[in-house]
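Here you go, one structure.
Chain nomenclature is as follows: A, B and C, assigned in order of appearance, with residue numbering initiated at 1 for each chain independently.
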Amino acid sequence: MRPPSPSIPEREFALSALQQSMRIDGRTLLEIRPINLTFGPALGCVECELGKTRVLAFIDSKMIKPPEERPLEGIISIHSEISPMASSAYETGRPSDEEVAITRMLEKVLRRSDAVDRESLCIVAGQRVWHLRLTLHFLADAGNMLDCACLAAVAALRHFRRPEVEVVGEDVITYDPSERPPIPLAMHHTPYVLTFALFPFASTPAPQQTKLSSTHVPTPQLANSSITAVLDPSPLEASLLPSSSPSLLSLALTPQRELCVVNKAGGVPVSPEEFLWLVKVAEERVREVEACLEGGLLKAKAEAEGIGSL
Amino acid sequence: MGSRVEILNDGGYRSDGRRQFELRDIAIDLSRHGQADGSAMYTQGLTEVLVTVFGPREAKLRSQTIHNRANINVEVNIAAFSTGERRKRSRGDKRILELGAAIKSTFEPVIQTHLYPRSQIDIFVQVLQQDGGLLSAAINATTLALITAGIPLFDYVCAVSSGVHSTHAMLDLTTLEENDVPHLTVAVMPRTGKITLVTLETRLHSDRFEEVFRIACEAGKVLHEEMRNAIKARTSALARAMGEGHPAGAPSNREGDEDFEMGDD
Amino acid sequence: MTSTTTLPGEIVPAQHPNLKLGPGLLQSISGTSDSATIVSTRAGELQHSANRSKWWIESNARRYVPAAQESVIGQISGRAGEGYRVDIGGAHNASLDGLAFEGATKRNRPNLKVNSLVYARVSLAHKDMEPELECFDAQTRKAEGFGELKGGFVVKCSLGMSRRLLDPNHFLLPLLGSRFPLECAVGMNGRIWVDTKSAQNTIIVARCIEAADPDGGGLDEADVNKLLNGIQS
């Protein structure tokens, strides 16, 4: 069922507010909604909240025989199906355009960019490798599920611990977590995804500075721009653009300034300078997201150790 | 596997003999293809894509019509024989769906859809051979097909792929190079120089990215010239034919296309 | 007015010769005794009027169920012959006749575009039929504020919040009105249309409504004041 398009007053108001650099939920144009990560009781289970959008990621592992063409690498498979629980816009069975986009983006960010070192998942070459299954459940759609899903997936990968195994001759001994502590995954890098919505008009700066949170990072400004870019769009903002597929730019990058995935599929044309400026903005914001994730992981670890020492 | 092929050797030559910034040979065939309103066969090196356009015509499903614009429908079909090894791909393959979605969202702001409310424009992309640069070839072919169909556009869309091999930037990558080197595809609208599509799927440092990105934007303008020349040739042939009162001739003369006299019954 | 929290299925001690049951209460006739018992069907606060003749359950929900004589904000989803189909957030789209406007004749009808907003009154709401709307007051046949809503912005809230905003003793609207001029239309289907002179003020109103919504922030007057001072400083 297609969600109803916004009414004419909502559209016009949202567009005119954006032209004055104001957003309806009070954020600045380049501000992300607050992120809240809840690490579940199981290792590798994370619920990520980006504003009111919620995604649950879960990782489990098992040992399998690797395929013939890649005998030295482990396998990571990603299962993400958006159920109508997230929003009545999604149907089970038939993947909608947005679902295809999210699944493809997750594949690119996590698998093609080699975030996890697959060779370290090999136990016995050609015989036994780890198969990691990442499952994503989309609990609530309040806009920008892609960023939330990628953050949940990355957090789950960082939080997950696989059982330690030892190869003795032909046998593989798996140690229970109570005998030997499980091992974290070897990750080459941690990618974060940021999505912008682009509008084909210039915007005047906000009339007065609203009170900003303490984590606000000043952004580099771009003069003479003919577009307005909005970070972490809300559902209304994403549906404002005239075409049915909104003008979104998704960037996956690491805090070390490496771009993993860039996806701007059509939409509002931007000049090369504006595009490179957006990349710079993303580089600044990624540090905020990284701080959230690292903080969350430390807290989860402290809590787990606190419980363990009881 | 045997010895690795060098991507860029010391003399500055690539594995297929091209230099760093050299594009592959481009062949454009705009002859009419069956019943289609517009069609274009675009070949860049060994990558060959055929795009046919139907429309604007009545929408097949009422539910997909938009009350003030035309609906654009893109279907991509990759032939099983298009790569070195025969591989049949299902219609629902996510990669193919993504390719179609990328083309659709690239052309939605470029086609003047507000002129044809409640109608549908169908774009069928058939990939006959692929050797790298598939998305850019598909976009270029679609632009040409839409122009031959007479659908009004705001501008051309010219796409090219580029990559970087240890600080050396390269343009128009083949499959061999794409598998080895971080690469991106950029689609540019040459009149304004603005970018409509950027895709990157392999990890690349931000500074390297900037270099490669700028080079790809410039390359898009070169492609524009090629496409313009092809369209110009066809259009002047058409204009000449219309002026002389003959049925519209294709640039390539086919046998059996001459007039034949109908006998009196 | 005393109120107690009631859960579905609980028996409610409501007795009166002219007993009127409001939303959330059901009269069930048990087989054994010949007196009817009043049972609650919703979770919420049991309330009754001063003379104990009217009883109802005050509960909150987000999905609107059309009821007659309620004013709602609808979005035109299409034309249907002479009239319009309107989305009011309920299970079915409502129908709004083209002539159901003040001063409309067969020759002179308002021309509403798809996706525009109207403030209308539910004239017919039967559970077996599609609801019907009218854009004028029942007795006077004049607009009285109904009709197309131009400009402004729509805020979505819970049904309980829209009921509270209609209560003249609620604090929010007078508080906002004291800071800047604003015009608003409250729809009982959880949609509130506001219009102020500047975009910033409209955004402030939207955020305050979301904050004071019992389903959302649940802030009371003091907290909303703090929020306002924070935004407007």
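Simple rule for what comes next: contacts are C-beta pairs under 8 Å (C-beta built on N, C-alpha and C of every residue); 3 or more make two chains touch, one makes a residue touch a chain.
Just so it is clear, the model here is predicted, and its values are computed rather than measured.
Here the chain pair with the top count of touching C-beta pairs is A-B. Comparing each chain's Cα centroid with the centroid of every protein Cα atom identifies chain A as the most central. Centroid distances from chain A, each centroid being the mean of CA atoms, peak for C. Note on chain placement: the centre of chain B and the centre of chain C lie 54 Å apart, centres being C-alpha means. Chain A and chain C have centres, each the mean of its CA atoms, that are 38 Å apart. Mean C-alpha position of chain A lies 31 Å from that of chain B.
In the complex of the two chains, the chain A residues touching chain B come out as 95, 97, 100-101, 103-104, 107-108, 112-114, 189, 242-245, 247, 249, 253, 257-272, 275-276, 279, 283. Residues of chain C that touch chain A in their complex: 75, 77, 87, 113, 115-117, 149-154, 193, 199-200, 202-203, 206-207, 230-231, 233. Within the complex formed with chain A, the residues of chain B that make contact are 66, 69, 71, 94-95, 97-98, 101-109, 184, 187, 189, 192-207, 209-210, 213-214, 217. By the touch rule above, chain A contacts chain C in their complex via residues 4-14, 16-17, 20, 22-26, 207-208, 210-211.
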